[in-house]
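Okay, so subunit A shows up in both of these, paired with subunit B first and subunit C after.
And now, the complex of A and B:
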């Protein structure tokens, strides 16, 4: 093998005659990160060329490397995406001060990453001072700033952005937790920016935003294509809509009881991606004229029932992305299947627990089967179902060959599920959907046997990320699972209560695994002794033991909350991190970080 | 969680573990439970058809001498020789928690609704907390917090934080707890409200004050605070 490799290397250089310059040009056309990764492994020269020409890097967990290391390898980086807190943070399972501070990264960007034009922080902690540093150092060249589900900053920080980053094409703040002091930040943007294309402060609860400033932005920025804002009266946006001539995407606003209704509202003519908060059945008709144009429809925060969904969706033959809650029901899904043949992404979230007790507003195998047969182009499907059968999963495996991201959660409202365990269906789905890269399955006890869990391992040949909740019956299932999943990089397990021993064994067997998150596991020993079997070089293990938190709810009752223990383990080049949170109030917060150093 | 405690006491026990002196009645040659695998029904960890006598009933653990353990399960009898008392206690404890949990698995869906209505209306911060709170009294009742799969039902199906906020705001709209307009702030999205008869609110020209005014990540601000 060694001999052949050397010969190959020589022949490449002489036969292809590719100079570094040519190779460098060729590499510019290679964008896919996995391709780039492969390229960088060929030989030292290719590694160096890749490093010099790589434009974008996504660091899936900011603690896997360091800012210096990143800059040393990719000095000419133009675009950076960093992710901090585990995904579970979106479900309130991770304490606010868990970590993910952008400060050291911003420092590196400011000092050394001179080519950086696009920054995307996701689930990280950002301070106002970070935004100031970023603005002062990169403000003139920064074209894209995304603070995605971030926290820790205020509108003062955004003021720096507004004043200093005048070339921004994209400002994205969606779902961030922002301390609001005033609305001057958006005024600065209105005054200074004429090239904005995407403005997003959706789901931020910012209220001190002036309509006039919004209108000014629409007038000044001739390429303003996408705007997503927080709640505000739609009628007050009439002027904005008039000014935003090329707007294609709009989310937000709000509907309140208005005596004259909403007939006065006219939308920009190119609008084709829409999500109107609190839109109810009375207001819905105002979007009917545009419905045939709709490519994306966000009904997650609308107030429509099943019938309303049917009435609206049947008018949307060009829909490619639909997000809604399970109030759409099986009937609504049948309408989707009939009408939306172009559908690529569908997300159906679960309504609040107290809602949806009637069958009409629930999604079950009936809807799924109709969907599978009707929407053959579906690539992303995430659905919370109240009932399920093996047959419906088999349908998905049979018809939805383009599926690359499938997520199913079985709700716990119905005591008896029609058809469990789902071994056969899951196997058929995985075998049928060969392009699947992301897979999530959250069931209940009895939902999947150990054999079924073994099937997941055996037939998930292309899957990179998996979330498994309440699957399998025992450690045997996990061990069988871990024999497969050749490309599994990131695994999240919840509620399965496998033993530490089994988790350690599984982690070692999963050859591509670089990130493991486990919510709730069987602690057999106080000192987590069995987890030591998992330790290896570069593998950080962070434990948060089960803890009890006493809170007072809105009604004034004292609530004792049991947070089950969780474990986070990941490969890192930087060793264990040091920015652990301290003991916080009543949280008994212990972190054990283990790694074993090998003396060579 | 009195409701749950009551429910399993009603179940007729059909597993009785007895420790006694006596002859070995035919089994698989199992001697000391501690060193040999437990019978199938115990290792399978599927307690759905099994219930265990409550510790108060049917158990006689005070017989003299290294003793015999007899287990009656579902029509079968297994007898184990020379079981030390501590092991027996462990077995009894496992069976007790297993039985209670297996009953809970069936009952927890209904118990969720009946036992803690208050908790389900907790703010979104406790979205995972609402159902784990339901589980917590259960955890307090049983000494071992570590029984495996029978405890699976405890972990709730979490909703996204963004959705939880929407549910709260929707509840507020329904109960008309929207704040009244703030007349002192010009030029901000502060004043649109369902309660007002004024059509276009834009005296102020600012975004409507949404029910959750200033939100911080932890903890959640109550909705009606302006």
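And now, the complex of A and C:
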């Protein structure tokens, strides 16, 4: 902060009696981005001080601003997180070439952002050349590189990272689509890096990684604390586990039919966060000795049934994070409620449709009610349920006062749901969970009336992000909803049949809204007049029409997938983008002058 | 990661104002103006004229009422209908904001933009308020009074159809990563040999 100090010293004490020097030091302690945002709006001097002292920026959508604009405001930025494709890309709903290219950002980082130490790209397109540029320009200072659900690069790009970024503490590639040519990149890391703490290529399809290189990394990097890898036979990792003395977290690996079983496997003594892919009933006992230490357990990709879940979870009294599929069942949730009093995060995904036909492997209101009463520290809950009642939601509102992220999806397997609509329950939940910031509700027609949708608007005073699927009955519901939600910044709607007119009106009423995504959007030709009503200054609107995608799945079958059309609207300081594929229509908006008609 | 949000209210300003950008605030001001226009635009000016005429104290009142030639009216945006109908329930400005310095029983000009024409009436304040109330009432009660927007309430059969197609269109979406796992699991069960590491 050398040159900044002189700058600050020069100006006289402000009206508050604090000199800029003091203010600058105080600001260093303010981390929360919303606080920082408020601070920067006080006056010009505070804006400048904030710009000089802000360490981290998250750009929620890379097209809302430009690399130059970012650099001009925050020239001394140390950490940057950029997000590209809409969240729906994680559900395979966005075309691969939709956009979100990191190239212009990497160029700016390489040329001007000299203090940058940590880079996180999420759902963006990264090329090998981008990685080379990054490595050559920032390789010596880069401490954290996260290519999170990214695509467009190969192991050659990672080779540059391995060779040039020798100070990396964190290399994170989880869920990225990487073209695999060989396993040399991991060898480079093993040879060049001795400070690595977190290595993650979980949920990638990299298979040419040699376990000997992993072992070498474990030996060289004395602070290696977290490793998540792709499929690799666990028995081959015995050496790795021996070498990784301080390892606390491990995910990945794989189990196969081994004649002598897995008794030979011993885990590092501090291991407390675990997720073993394809772990079945027979292999489960190898983790029992560690179960009492477990803080995080990932069973999403394990092969356990309801009984197995009960047997394992009852041994985990210190569990804070649990991820699994709904095979855990209500019975498993009751065990969680009894045993895991420290639980903070719970994610229950939906199993394949053909699996969940027995009642055991389904989650319903029974499990939720037990959970609400048992796990009072719960902050994050995401669950796919087969059945639901208002009472269970009321329980959540009554007991789970720390809830800040709640997501519920009602599966469509059962024809008749016990208790719909969920108006009362949703209202009770929102009123009870005052700390809620993120909220998702995906139901079915009849799941929530217009009044219920109005409740969501009225009682979501703190919510920033919302996903609503099949809620409400008509435009009136949406208009009522849009009267509330004072802090709603990002809204995703799917399967609801609101007219474009209502959507446009809602967009305007939601005062904090800066991002809207609507799935199941009807064809452009039908209602172009109403669409134009949505247009305003600084607001980009993009439409992807419905499309049919033919692909071959893993077993070689040809599958035709129907993708409904969708609409994306977002505030941007940069005007409409130019790097979109032909598929996307950009709304041709007239620059409606807001000034002319007001003059009297 | 959950974070408790700390509100820094340096000068006791309202939370909402603090967080809005200057642009957003000026946008809101303009939207309120348009809300006024929007509400009044739903009511036929003849009706307004008759309301005013019946209650007008000023005997010269009729003479003050004039209609501008649509050619000479202010340049209204090319599609006023759409934009006006978008703002049904924004807070209305009181006409006092637009009035001259006179108050109380004195009349002040009330300007109405409707259908590309502009009408100016001189009304006392209480009459103006009752006109506004009337406008809100009319607009709130019956949507079919709207001459403009034909797309607001599509016929029920259309909506039904939309519903049915959407039901088919949107299955429960699963994360790609989970989908890949489920496919791999199916493969493992059908295939005999495991993956090469």
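In this section, the second predicted complex is superposed on the first by the 545 of 600 C-alpha atoms of A that agree within 3 Å, B and C clash if a C-alpha of one lies under 4 Å from a C-alpha of the other, contacts with A are read in each partner's own complex, and residues count from 1 in each chain.
Convention: a contact is a pair of C-beta atoms (placed from the backbone, for glycine too) under 8 Å apart; a residue touches a chain by one contact, two chains touch by 3 or more.
Given the structure is predicted, the values throughout are model-derived calculations rather than measurements.
Undergrad: Do subunit B and subunit C fit side by side on subunit A after the overlay, or clash?
TA: clash
Undergrad: With the two complexes superposed on chain A, say which partner A:381 touches: subunit B (first), subunit C (second), both, or neither.
TA: After superposition on chain A, A:381 lies in contact with neither partner.
Undergrad: Tell me which partner A:471 touches in the superposition: subunit B (first), subunit C (second), both or neither.
TA: neither
Undergrad: Does subunit B (first) or subunit C (second) touch A:284, or do both, or does neither?
TA: neither
Undergrad: Kindly classify A:405 by the partners it touches after superposition: subunit B alone (first), subunit C alone (second), both, or neither?
TA: second
Undergrad: Where does A:92 make contact in the superposed view: on subunit B (first), on subunit C (second), on both, or on neither?
TA: A:92: touches subunit B and subunit C.
Undergrad: Considering only the touch criterion stated at the top, classify A:415 as touching first (subunit B), second (subunit C), both, or neither.
TA: In the superposition, A:415 touches subunit B alone.
Undergrad: Answer with first, second, both or neither: which of subunit B and subunit C does A:503 touch in the superposed model?
TA: neither
Undergrad: Based on the superposed arrangement, let me know which partner A:217 touches: subunit B (first), subunit C (second), both, or neither?
TA: Neither partner.
Undergrad: Quick check for you: in the superposed arrangement, does A:271 touch first (subunit B), second (subunit C), both or neither?
TA: Touch status of A:271: no partner.
Undergrad: Would you tell me the residues on subunit A in contact with subunit B in one complex that are also in contact with subunit C in the other?
TA: 90-93, 175, 203, 207, 211, 231-233, 236, 254, 256-257, 278, 300-301, 303, 349-352, 384, 409, 411-412, 442, 445, 469, 474, 494-495, 497, 499, 519-520, 522, 546, 553-555, 562, 564
Undergrad: If we count contacts the way the header does, which residues on subunit A are in touch with subunit B in the complex?
TA: Where subunit A meets subunit B, its residues are 90-93, 95-96, 151, 175, 177, 179-180, 183, 203, 205-212, 229-233, 235-236, 254, 256-260, 278, 300-301, 303, 349-354, 384, 409, 411-415, 442, 444-445, 469-470, 473-474, 494-497, 499, 519-520, 522-524, 546, 548-549, 551, 553-555, 557, 559-564.
Undergrad: What does subunit B use to touch subunit A in their complex?
TA: Its residues touching subunit A are 44-46, 105-106, 109-110, 118-130, 132-133, 135-136, 139, 145-146, 148-167, 169-170, 173, 185, 187-190, 192-194, 197, 199-202, 205-210, 212-219, 222.
Undergrad: Which of the residues in subunit C end up touching subunit A in this complex?
TA: Touch list, subunit C to subunit A: 2-8, 10-11, 16, 18-21, 23-24, 27-28, 30-31, 33-34, 37, 74-80, 82-83, 85-90, 98, 111, 113, 149, 151-154, 159, 162-163, 166-167, 169-188, 190, 194-197.
Undergrad: Give the list of subunit A residues in touch with subunit C in this complex.
TA: 32, 34-35, 37-39, 41-42, 88, 90-93, 175, 203, 207, 211, 231-233, 236, 254, 256-257, 278, 300-301, 303, 325, 349-352, 379-380, 384, 402, 404-405, 409, 411-412, 435, 437, 442, 445, 462, 469, 474-475, 479, 483, 486, 494-495, 497, 499-501, 504-505, 508-509, 511-512, 519-520, 522, 527, 529-530, 532-533, 538, 546, 553-555, 562, 564, 590, 592-600
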